[in-house]
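There are structures below to look over.
Here subunit A shows up in two complexes: once beside subunit B, once beside subunit C.
For the complex of A and B:
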C-alpha cells in the first residue's frame, strides 16, 4: 500500500489519488507531436470536436423526437423545428454537422494517403480510422432515416434492397435488416436504436483505439521523416525548442488546431444558418409515402461514390448480370481501403508528389472519386451510365494495379 | 504560403464536387420551365378593357352565383354545410368575398366565361366529354356583363394587408382543397371528397415551402401543368401580389423560425470570428519561440 501524506491543498489531495500531474504529462504536456506539420494535421482534432457537437446536439433532439412512423415526421418538423425553443438550431447543427463531418473525414483520409501515414508501423491507426469511417457511415445512414421523410424512406428502401442481391441468403437478410418485408415501423425503431445507442458506443470505442494506436508509431510529418522522438523530446525539455523536431500536444499543437478550428467553425456555422439544403434535402420535407416513389432517389452525398460503383455495372458481362457485378464491385469498394497498407508495396513514406509513380495514382484516385460522386447523383441515363461504368472500372483498376505500380516504384527508388 | 496552396487545392476540389452534386444536378433533375405569366395572356375570350357597371354586376351575381357560392361580405351566408356542398358539387365552392382582390382581372373574367379552359383542365373535362365541370360556363353572358360581375366583385373585396391578408388569400384560394396542419387550418372539403372529385389527394401544405421551395411554388401556383403535366390541380389564377401572399403564408407556417435563424446566425458567426482571431493570436504567440 502506498503511503499517503496529509495533503496541503485540494489539488494535492486529488493528485495523490488520481495522479493528475502524471496523467496530464502523459496525455498533454509531454505527448510529442512533430513540429513539421501543416493544417491538415488539425483534421483529427476537428473530427473530435465535430463528434462532440453531434453528440450534444443529438441529446437535445432526443428529448423531443418520437420513433414512430405516425409521429416521427411531425415531431421533427413541427415540435422540434417550430415549437421547442431553439429546437431548430439543434436540428440544423446536427444535420449539417453530420454532413460536414464526412467532408473532414475525407480530407483526413486523403491526407493519410497523400503522406503515406498508413504504413511502416501506422497500420493500426489506418485500420481503426477505416473502422471509424464505416461506423460513421452506419451512423449517418441510420440517422437519415429518423425524420421519416420521402428520402429517408426511399433511400432506406433502395440501400437495404442492395443486400437482397447476395446469393442464397439475400432475401432473408433484407427481411432481417428491415424487421419486416418492407421498410416499416420496425425498421424505424431498430435504426433508432442503432443511431442513438449501439453505433455511438462503437464509435467511442473506435476513437479510443485510434488514439491509442497513435502513441507508439507517433504522428507522421510533412516530410515523412523518421526520427528518435525521445531524443527530440529531451532537447525540447532542455530548452532547445528551436532545433527540436517535436512540440508538446498541449499547448503547442492544440494552439494551432484551435486556430484552424476557429475558421472551420466559421464556415460550419455559415452552412448551419444560411446554406443547409445540401445536408437537409428538400425532398425529405415530404412525409414518407410508400406508395409514391420520388422521381429521383439518391443517398446522402458522402455515399454517392460507392453508390455509383454499385450502379456503374448496368449490363451483363460474361453471363453475370449487371446487378450482381455491381454488388461485387460495391463490396470491393467498401473493403478495399482497409487493405491499402498492404496494397502499397513501396517502402517510401513521403508526400505523394515526391513519389515517382504513386503521385499519378493518388491524383487519379482523387479525380475518379469526384467523378463517381457527381455521377452518383445524376440520373443514370444515356451517356451518364457510361461515365458511371468507366469511372467504376477505373476505381477498381486503380486498386488492382496499385501493388504493381508501387513495386515498380520501390525498385526505382532502391528500397528507400 | 505552402499552407495557402494546400487550402486552395482543397477549396477547388470541394467546390467542383459541390457544384456537380448541387447546382448542376439540380439543374439536370429540374429543368427550367417557362416564366410565370401573371397577365394570363393565353386567355382572350373576354375584352377586359370594358368598364364594368357595379350595380348591374351585383344583380347578375345575385341571380347566377349565390346559389352555389357564399359571399359573406355582401350578406350572403353559406346555405349548405360543407359536407352537403361537397356532396352536391364535388368540392365546396369558395366564398367570393375576396375574389375581386385575389384573382387577376383577366383571369377572373375568362374564368367566369369558361372555367375549364381558364383552369387548364381541358385534359380532364374535354369539350363534349361525359363529365361536366362543377361550375357552369357563363359563355352566354356578353363580355360587358362579365366585366360588370368582375367590377362588382372588385368593389366588395375587403381591403386587408399584412399577415391577415396572407392567411385570407390562402383560405380563399387554396383552402377548399388543401389543409395547413401546422396552422390547424383544415380544408373545407374533406380528404375523401377531394380524392373522389379530383382523382388525387390534395396534400397538406404545411411543409411545402421547404420541400418545394419558393422558386418552384412561384411557377407551380401560376400554372401547375408546367411542372406537373396532367395534374388535376387547377390553375387558380392569382394575381402576382396574391400569390406572394400565399407563399408568405406558407413560409410563416412552414418556416416560422426563419427570422430568428437569420439573426442568431449573424451573432454566432460574429462570435466565432472573434474566437478564430483570438485563437490565431494565441497560436502566433506560442509558436513564435519555436522557429
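For the complex of A and C:
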C-alpha cells in the first residue's frame, strides 16, 4: 500500500485519493487547443450538450412510454402529451433535439472535410466520428418507430425490408430482425431496447473513443498548420500567452464554446417552443396500420439524401435490376465517408478554398447532397426520378474520381 | 521453459473454452430474436372459398399482409400460371402489395383491374402489371388447396405448378 500523509483539508483528502489536481490538468487546464480556430470548432461541445439533452428528455419520456403495439400510440399521444405535467415539453425537446443533432453533425462533418481534418494521423478521429454518425442514425431510426404512428410503422417496414436485398440470407434476415413475418409487437419492443439501452451505450463508447483519438494528433486549426504542441504549451505556461499558438481547454477554449452554445441553445429552444411542428410529421398522428400504406412515404430530412440514393436507380442497367443497384449504391453511400482519408491522395492539409482542385470537389459534394435531400422528399415520378438518378450518379462519381483529382492536385502543388 | 509451456497450455485451454462458450452464447442470443412459436403458428391462415362472390375482392390477412382473393365470373379469362381452379371456379390469389413501393392497390369492379393510388400503377385482374412503375406482377403467397379451403403459408401442388410456370 502507498503511504498517505494526514490531509489538511477536505479537498486535499479527496486529492490524495483521486488525484483531482492531476486529473483536472490533464483533462482541462493543460489540455491544449489551437488558438487559430473559429465558431465551427464549437460543434463538438454543442453535440455533447445535445446528446445530454436527449438523454435527459429521454429519461422523462421513458417513465410513461409503453413499448407495446396496443399501448404505444396512446402512451405518447395521450398520456405524455396531455396528462403528464410538461410531458409535451419533453417530447418536443426530444423530437426537435433528434433533428437538430443531425444538423450539427452535418456541420461538424463538413467542417472536418472542408479543413482536411481527417488527414495525417487524424484517421481514427474521422472513423470514430463516422461511427458516431451511423450510431446516431440507428438511434434516430429506432426512436422514430416508438410513437407507433403510420410513418413509424412504414418507415420500419421499408427500412427493415432493405435487408431483404442481401443475396441468399436476405429473406430470413428480415424475419429475424422483425421477430415476425411483418413489423409487429416483437419488432417494436426490440427496437425500444436498442433505442434506450444498447445504441446509447455504444454511442457513449464511441464518444469516449472519439475524444481519446483527439488527444495525440490534437485539434486541427483554420490554416491546417502543423506545430509542436509541447513547445507552444511551454510558452503559454511561461506567461507568453500572446505568441503561443495554443490555449487551455478550460477556461479559455470552453468559454468561447459556451458563447456559441448560448446562441445555439436560444435557436434550439426557439424551435422547441415555436416551431416544433417541423419534427412532428402529421402522418405520424395516425395510429400504425399494417394494412393501409400512407400515399407517400419519406424519412426525416436528415436521411433524405441516402434515401434518394436508394431510390435513384429505378431502371435496369446491364441486367442488374434497379432495386439491386439502388441497394448497392445505398450501401456504398453509407460506407464511403469512412474511407475518405484514403480516397484523398493529396498530402495538403489546408482549407478547401486554398486547394486548387479539392475546392470544386467539396462544393460540388455539398450541392449534390442538397439536391439529393430536396428530391428525396418529392414523389419519384417523371422528371424527379431522372434528377434523382443524375444526382445519385454524381454522388458516386464524386467519390470514384476523388483519388484522381487529389493526386493531380498533389502534383500541381509539388507534394506540399 | 517448463513454466512457459505450462502457461502456454493454460492459455490455449482457456482460449478454447472461451471460444466454445462465446459461440454458444452468440447462438443463444441469435435465437432470442427468432420469431416466437406463437408468431410461427400464426403464419398460417385458412380461408373458406365456398362463400365468395364473383368479381368482388376478398382481402384476407396472412402474416400481416393483405391477400387478395378474387373469384372469377364467366367472362373473366384465367391466366396460365396466375390463376388457380378450385372446384368449378377460377380464382386469383396474390399478395395485395404493389410491387413498386408496397402500397395496397384498389380493385375496380367495373374495369376489372387494380390501380395503386400511390404512384398510379395498374394490374390486371390476374395481378399482371399493365401500367406505371411496378416492376413485376403481384407476388403470389404460398398456398395449399384443401377441398374448398385455402391454406395460406403452406406450399401445395397447385402453388408449385404455378411457380414452375411463372
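By definition in this document, the second predicted complex is superposed on the first by the 415 of 416 C-alpha atoms of A that agree within 3 Å, B and C clash if a C-alpha of one lies under 4 Å from a C-alpha of the other, contacts with A are read in each partner's own complex, and residues count from 1 in each chain.
Here, contacts are C-beta pairs under 8 Å (C-beta built on N, C-alpha and C of every residue); 3 or more make two chains touch, one makes a residue touch a chain.
Because the structure is a prediction, the values reported are computed rather than measured.
Asks: In the superposition on subunit A, see if there is space for subunit B and subunit C together, and answer fit or clash.
Replies: Fit - subunit B and subunit C, as placed by superposing on subunit A, sit side by side.
Asks: Could you say whether A:197 touches subunit B, subunit C, both of them, or neither, answering first, second, both or neither?
Replies: In the superposed model, A:197 contacts neither subunit B nor subunit C.
Asks: Which partner chains sit in contact with A:262 here, subunit B, subunit C, both or neither? Use first/second/both/neither.
Replies: In the superposition, A:262 touches subunit B alone.
Asks: After the superposition on A, what does A:26 contact: first (subunit B), second (subunit C), both or neither?
Replies: neither
Asks: Go through the superposed model and pick first if A:322 touches only subunit B, second if only subunit C, both, or neither.
Replies: second
Asks: According to the contact criterion defined above, which of subunit B and subunit C contacts more residues of subunit A?
Replies: Of subunit B and subunit C, more residues of subunit A lie in contact with B.
Asks: Contact-wise, after the overlay, does A:379 reach subunit B, subunit C, both or neither (first, second, both, neither)?
Replies: both
Asks: In the overlaid three-chain picture, which partner chain does A:38 touch, first (subunit B) or second (subunit C), both, or neither?
Replies: first
Asks: Touch check for A:186: first (subunit B), second (subunit C), both, or neither?
Replies: A:186: touches subunit C, not subunit B.
Asks: Once the structures are superposed on A, label A:304 by its partner contacts, choosing first (subunit B), second (subunit C), both or neither.
Replies: Once the two structures are laid over each other on A, A:304 reaches subunit B alone.
Asks: Given the touch rule stated above, what does A:88 touch, subunit B (first), subunit C (second), both, or neither?
Replies: Only subunit B; A:88 stays clear of subunit C.
Asks: Look at the superposition and give the distance in whole angstrom between the closest pair of CA atoms, one from subunit B and one from subunit C.
Replies: 11
Asks: Please report the subunit A residues shared by its interface with subunit B and its interface with subunit C.
Replies: Common to the two interfaces on subunit A: residues 295-296, 379.
Asks: Under the definition above, what is the set of subunit B residues touching subunit A in their complex?
Replies: Within the complex, subunit B touches subunit A at residues 2-3, 6-7, 10, 13-14, 16-18, 20-22, 24-25, 28-29, 182, 203, 206-208, 210-213, 256-257, 260-262, 264-266, 268-269, 272-273, 275-280, 282-283, 286-287, 289-291.
Asks: Can you list the subunit A residues touching subunit B in their complex?
Replies: Spelled out, the residues of subunit A in touch with subunit B are 35, 38-40, 77-78, 81-82, 88-89, 92, 103, 107, 241-242, 247, 251-252, 255-256, 258-259, 261-263, 265-266, 269-270, 272-274, 277-278, 282-287, 295-296, 301, 304, 366, 370, 373-374, 377-379.
Asks: For a test of understanding, state which residues of subunit C touch subunit A in their complex under the given definition.
Replies: It comes out as residues 30, 33-36, 39, 43, 59, 61, 63-66, 101-104, 117-120, 133, 135.
Asks: For the complex, give me every residue of subunit A touching subunit C.
Replies: Subunit A residues touching subunit C: 157-158, 161, 175-184, 186, 190, 290-293, 295-297, 314, 321-323, 379-381.
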